[in-house]
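Below: one structure in structure tokens.
Labels A, B and C are assigned to the chains in the order they are written; within every chain, residues are numbered from 1.
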Amino acid sequence: MTTAALEVKGIARNFGGVVALRDVSFTVGEGEVVGLIGPNGAGKSTLFEIVSGNLSPSAGRISYFGADCTAMPTHLRRRAGMCRTFQKVRLFDSMTVADNIRVAASQCLPPGRALHDEVAAILAQLRLQAQAERRPAELTLADRKRVEIGRAMAGHCRLLMLDESMSGLTHEEAEHLIVEILALNRERGITVIVVEHVLSVLAAMVKRLIVLHNATVVADGTPSQVAHDPVVIEAYLGTKQSALK
Amino acid sequence: MEAPATMSAIPAAPAAASRMPTRSLLYLFLPVVVVAILPLLPFVNNYIIAATVRALIFISLGQAWNIVAGIGGQLSLGHSVFLGLGCYTTGILFNRYGVPPWIGGFIAMLLSLAVALVMGSMTLRMRGVFFALATVAVSLALVQLSRHFVDLTGGADGLALKFVGNSLWAMQSRTPAPFLYAALAFVIVYYWITRALLTSSFGLAMQAVRDDEVAAAAAGVAVFRTKLLGFLLSAAMTSLAAVLYLQFYMAIDPEAAFGLSQAIQLQLPALLGGLGTALGPVIGGALMIFLSEVTNWGSTKIGVEGLDILVYGLMLLIVILRAPSGIVGLVFKNAVSGGPR
Amino acid sequence: MAGIEAVLLLALQAILSGVLVGGVYGILSVGLSLAFGVMRIVNFAHGELVMYGMYAGVIASRNFGIDPLLILPLSFLLVALVGVAQYQIVFRHFVGHATLQQLLAAIGCALVLQMIAQIIFGADARTATSMFTGQYVVFGPFFLSQAQIVAFIVAVAATLGVELLLRATTWGKAVRAVADDLEAAEVVGVNSRIINIGAFALACGLAGLAGTVLVTYFPTSPSVGFSLMPIIIIATTIGGLGSIGGTFLGGIFCGIIQQVTAMMWNSALQDVPLYVLLLLFIAFRPTGFFGVRSE
């Protein structure tokens, strides 16, 4: 019996006269790894900000493990385990890697868990022990992304939302990152939602793709189903071809 | 173009500098000892002691401001509000009602906390520049208000404490030596508070908010509450140091209490020495008083006033343009991080 | 009835004076607003630039016997040059974001400029005399200072001039393009660096001009810059940072509130309602009435 980790019900968002999201609904089960894709301007970022709590919807509700969290502020969502990364990596530049993680760990620590242990565990999980005392400016992009994921997971994490995590990485780096994320899902049961606009990146990673286009969900299925869905193909390419290379 | 007034922090001196290896505590130990035995040294007269007291009081005010601005990243431009509230409240309670400064200072602190709570609640959700302007507005309003209510505050001429001679109860002394130890105690305690804060979870949360509010929220930090608490702590510390200020100078006036010039001066120790570090305000403050004494000595020879403010302004510009992490940042650029966790 | 009539007359007198004084507050503040709108620079040293304009008027009047109003273009140019120097040395590193560093650098500039003035001119207050100083116009039951009327006219003319410049000239349109969307402007070939220097020079020149006209009825001293900053900040916040016309109207609004408070309540506390308004605006409407870019 799986509880829905995330239920998005009828979310809509306007900016003045512009409709950014229109009746977006979907459910993500616990432990799933889901991709959220769509061409630029489809509304992915807006939806992401609404789900993570930075933006309030014009209509609709968000449920997290059965509890309505539409009005919950970002930091409380995070403490409840709804975690996110940023499209452009946003680390605390004045702090070391360990401290970056420590911030989140100290705010989201489950009772009975020692802060020191939690930080060490996260560093170990993401193989960052060697960089623990270095500063973000000294790290490669791939390493900074891993730190951000570590910070996003520290303390308590049941749902991890990744915002275009692969952008800027080489093919090899992206593959390594995907492996790490899938490991997190497997070993810790973290539900993962990955937002991307390049389909091929996700194809290997997810078993389910939700496609946004023109402010609403136009497809929701396995990668191969979605890739052959004519609506999706048209959205991406404007012609009728397979979207998967 | 960006939305109005995003306040990004000055790159604070590397956190390593705030977690200096313990052997550097020796560097601090020596000056503390020197200051402590100052009155016993043969060539030291009251003028030197008084100058040292001035420096130490100035440093502790700088340390207090460093909490909200350096660690918290919130530019409280009009921070003199709390200096003035501390001084006037304590002074009025003493002169009119005979309340000893030990109690008066505590009441003053409560008042400062209340004011900080109101100000912070109204402005800390906004972009930083508006918070900065709001603090300036309140401080300048208080200048005008304190000039106006002459019966209460002594008006533009200010307030002079009734002198009762050497008295522990009234915190008064004919010589500056007792203030030397009081001020030294303040500096030491405030230094310890800063260091403790820097390594604590709350302090880390403050620094996270300073570095990137949005990311901090995404890491679980309650941003508004963190900013507010940092502001309250800083206000309380400033207000307490203000009591020492009043008791040492025995007088206060609207400009010295709430004025913009004063407000700016109390920012300089941290800015010059190293914003966000524990040692910064100490070094910066000491340097400033030293420079001030030198320039004043020089300017009396030339017959010009205000040269020390000019020097402050130039130093501020130099630091901002060339060494934004202050002196500590320059000196400890390559410091190995480490220290007790 | 006579009581109410007297109060009404007093209020109207206050309002009229307020409009006149407010117009000058407006022109004092327009430069700050312009610098912010184009480059997101909050020039905390703006008051000091006004102060230099005031001293220019004093020198003209006291040392050369020339009416300050005649040297307005010269004040404009001189202070604009000071502004260019300030920009080149300090502000050009901080264009684009109103950061902590920028504000502190501006404060540093303010201290330096203030102290240089103190060293050169001494700390005493000085006044300048124009042909209108100290003279009054009787306008029905009202007394209005001629110097203030002339200052108001200059203020309105200057503000309209700036608006015209920004809306009708090619240069002005380039400035507005940079203010609205820097990247887009550069894409179409606008050299934003030159525009920025020019706009900043204009902003500072306006401060100088405003100072020269102000000193015909208000004394100057090295610290006058800091004492004018609160009004300037309030006018720009209420009117709206980035909006020229809005800031000017904000200045008039401030002038009216100030004079009415002075006349009806207490002149020593004339700025207090303004501070309260500032706080309220910051808390609830930081972009003012006409400000650029809401959150």
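Please note the rule applied: contacts are C-beta pairs under 8 Å (C-beta built on N, C-alpha and C of every residue); 3 or more make two chains touch, one makes a residue touch a chain.
It should be emphasised that the depicted structure is a prediction, and the values quoted were computed from it without experimental measurement.
**Q** Find the chain most remote from chain C, comparing centres computed as mean CA coordinates.
**A** With centres defined by C-alpha atoms, farthest from chain C sits A.
**Q** Kindly work out which chain lies most centrally, taking the average of its C-alpha atoms as its position.
**A** Of all chains shown, the one whose C-alpha centroid lies nearest the global centroid is B.
**Q** What's the distance between the Cα centroids of chain B and chain C, rounded to whole Å?
**A** A distance of 32 Å separates the two centres.
**Q** Cα centroid separation between chain A and chain C, in whole Å?
**A** Taking the average C-alpha coordinate of chain A and of chain C, the gap between them is 49 Å.
**Q** Roughly how far is chain A from chain B, centre to centre by C-alpha average, rounded to an integer in Å?
**A** Spacing between the chain centres: roughly 43 Å.
**Q** List, in ascending order, every residue of chain B touching at least 2 other chains.
**A** 9
**Q** So in the complex, which bits of chain A are touching chain B?
**A** For this pair, the touching residues of chain A are 52-54, 73-75, 78-79, 83-84, 86, 90-96, 99, 102-104, 106-108, 115-116, 133, 135, 151-152, 154-155.
**Q** Show which residues of chain B lie in contact with chain A when the two form their complex.
**A** So the residues of chain B in touch with chain A come to 9, 11-12, 14-15, 201, 204-205, 207-208, 210-212, 214-223, 276, 337-338, 341.
**Q** Where on chain B is chain C touching in the complex?
**A** Of all residues in chain B, those touching chain C are 1-10, 73, 75, 77, 119, 122-123, 126-134, 136-138, 140-141, 144-145, 147-148, 260-261, 264, 267, 271, 304-307, 309-310, 312-317, 320-321, 324.
**Q** How about chain C: which of its residues touch chain B in the complex?
**A** Counting only chain C, the residues touching chain B are 36, 40, 42, 90, 93, 96-101, 103-105, 107-112, 114-116, 118-119, 123, 179-182, 222-223, 226, 229-230, 233-234, 237, 241-242, 266, 268-269, 271-272, 275-276, 278-279, 282-283, 286-287, 291-293, 295.
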